[in-house]
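Take this structure, written in structure tokens, and hold onto it; I'll ask about it next.
Chains: A, B, C and D, in written order; residue numbering restarts at 1 for each.
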Amino acid sequence: MPIVRVQEADFDTGRELDALTGGRKDVGALASFTGLVRDANDGSSVSAMTLEHYPGMTEKALEEICREAHQRWRLLDTLVIHRVGALKPGDRIVLVGVTSAHRGDAFAACEFIMDYLKTRAPFWKKEATPQGERWVEARSSDDTAANRWRK
Amino acid sequence: MPIVRVQEADFDTGRELDALTGGRKDVGALASFTGLVRDANDGSSVSAMTLEHYPGMTEKALEEICREAHQRWRLLDTLVIHRVGALKPGDRIVLVGVTSAHRGDAFAACEFIMDYLKTRAPFWKKEATPQGERWVEARSSDDTAANRWRK
Amino acid sequence: MVTLLYFASLRESLACSREQVALPSGSPTVAALLEQLRSRDARWSEAFAPGKNFRIAVNQQMANATTALKTGDEIAFFPPVTGG
Amino acid sequence: MVTLLYFASLRESLACSREQVALPSGSPTVAALLEQLRSRDARWSEAFAPGKNFRIAVNQQMANATTALKTGDEIAFFPPVTGG
């Protein structure tokens, strides 16, 4: 089942992942990914970041990505938590967790969700650098990563 | 840097992953995998599991797998914790964590470490089933998974 | 009327996050709406110039220039996304 | 002398986890050691029969039948691994 949350608050990785597996005895594999704010990007130091999103569409897009993952692989649960608002280097941005009986499905679905989130979920990053604020440009490598999953 | 631990005790996933990223501001991506004991395998219910290993060689094999991952991808840290001894369904068996600036490297290395661990690290599982105890047979799908990474 | 939303760099360069406009007449599409927006002034025509890399959502689903519009729709314009 | 270790199902079927044996004479290899073990009795010859799926480590590194042996080596025999 997909669980999707968009929030300003930080999250507790251990508690979230434990909740995905806790009490279940049919989970053999839990793959997870955490994205964090780096203090450097595209050759500039980064002192702060602001994450804008499209309330309403964001949640729909994330749920749709998770549902597509459930259709493609044999999964038990999927979790996406994505933060918005003001963040600083070292802060967590996103957590994706996927449980399955077997690791191949869990790994593939976790990476798929991240690749699709990067290209289809309406979030935008603005970085504060010594040269001023700047919107992060979309990377063609993210499109390439997402296109790998085309059937 | 590779961190490898083989232990009977359970581990705290959140604390271990937080320690991998904590205080660093150059980590953009943390990929992790947790393997757990399932209550069913190969058509039988499983009530308990015992994990045997080869003390000394186990740690060397895991460190070598991590070092190979560091050679293949641009990584910051790698972590492997593997439990041995008596386990029951729902228990954690293994945690692999990989940090990198970018997610592609972290995902690939995390899956690589699991695939190599499954085929090269000297652990053996014995399951208790209603028909008695049995040693888990190696899966050809694990060899196939590991062979994907051959250069 | 339809609701238009602008996000991120597009919101900033147009100095507008949300507005209500009348639909183009006939069988309106996103393309007709874009034509109407471009006709406002240089800033708007540049933001939505052909070849500019922006995304369109209609009622919170990804859409494109040929997507049909009807009264009450929520149409969003934004740059390529950069979350995660 | 060399130390031999047996793990998992092999340890159980041979009823032995660890022993010390003399090296085969000449330029000893794992193959010569295996020949010596097979000559013990039916249980040992079956456990290490050609085509049996077992693994060999010498001094905690994966090895094979052609690996050379010397006094003091630790040689381990075990089934394919199943951790994770």
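Quick note on the criterion: a contact is a pair of C-beta atoms (placed from the backbone, for glycine too) under 8 Å apart; a residue touches a chain by one contact, two chains touch by 3 or more.
Note that the structure is a prediction, hence the values are computed from the model and not measured.
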Of all other chains, the one whose Cα centre sits farthest from chain B: C
Gap in Å, rounded to a whole number, between the CA centres of chain C and chain B: 48
Interchain centroid distance [CA atoms averaged], chain C/chain D, Å: 72
Inter-chain centre distance, chain A versus chain B - centres from mean C-alpha coordinates, in Å: 23
Where chain A touches two or more other chains at once, by residue number: 35, 103, 114
Residues of chain D engaged with two or more neighbouring chains: 84
Complete list of chain pairs which touch one another: A-B, A-C, B-D
Residues of chain C touching chain A in the complex: 5, 7-9, 53, 57, 60-62, 76, 78-84
Sites on chain A touched by chain C in the complex: 35, 51-54, 56-57, 60-61, 82, 93-94, 114, 117-126, 135-138
Contact set on chain B toward chain A in their complex: 12-15, 17-18, 21, 23-40, 89-90, 101, 103-104, 106-107, 110-111, 114, 141, 145
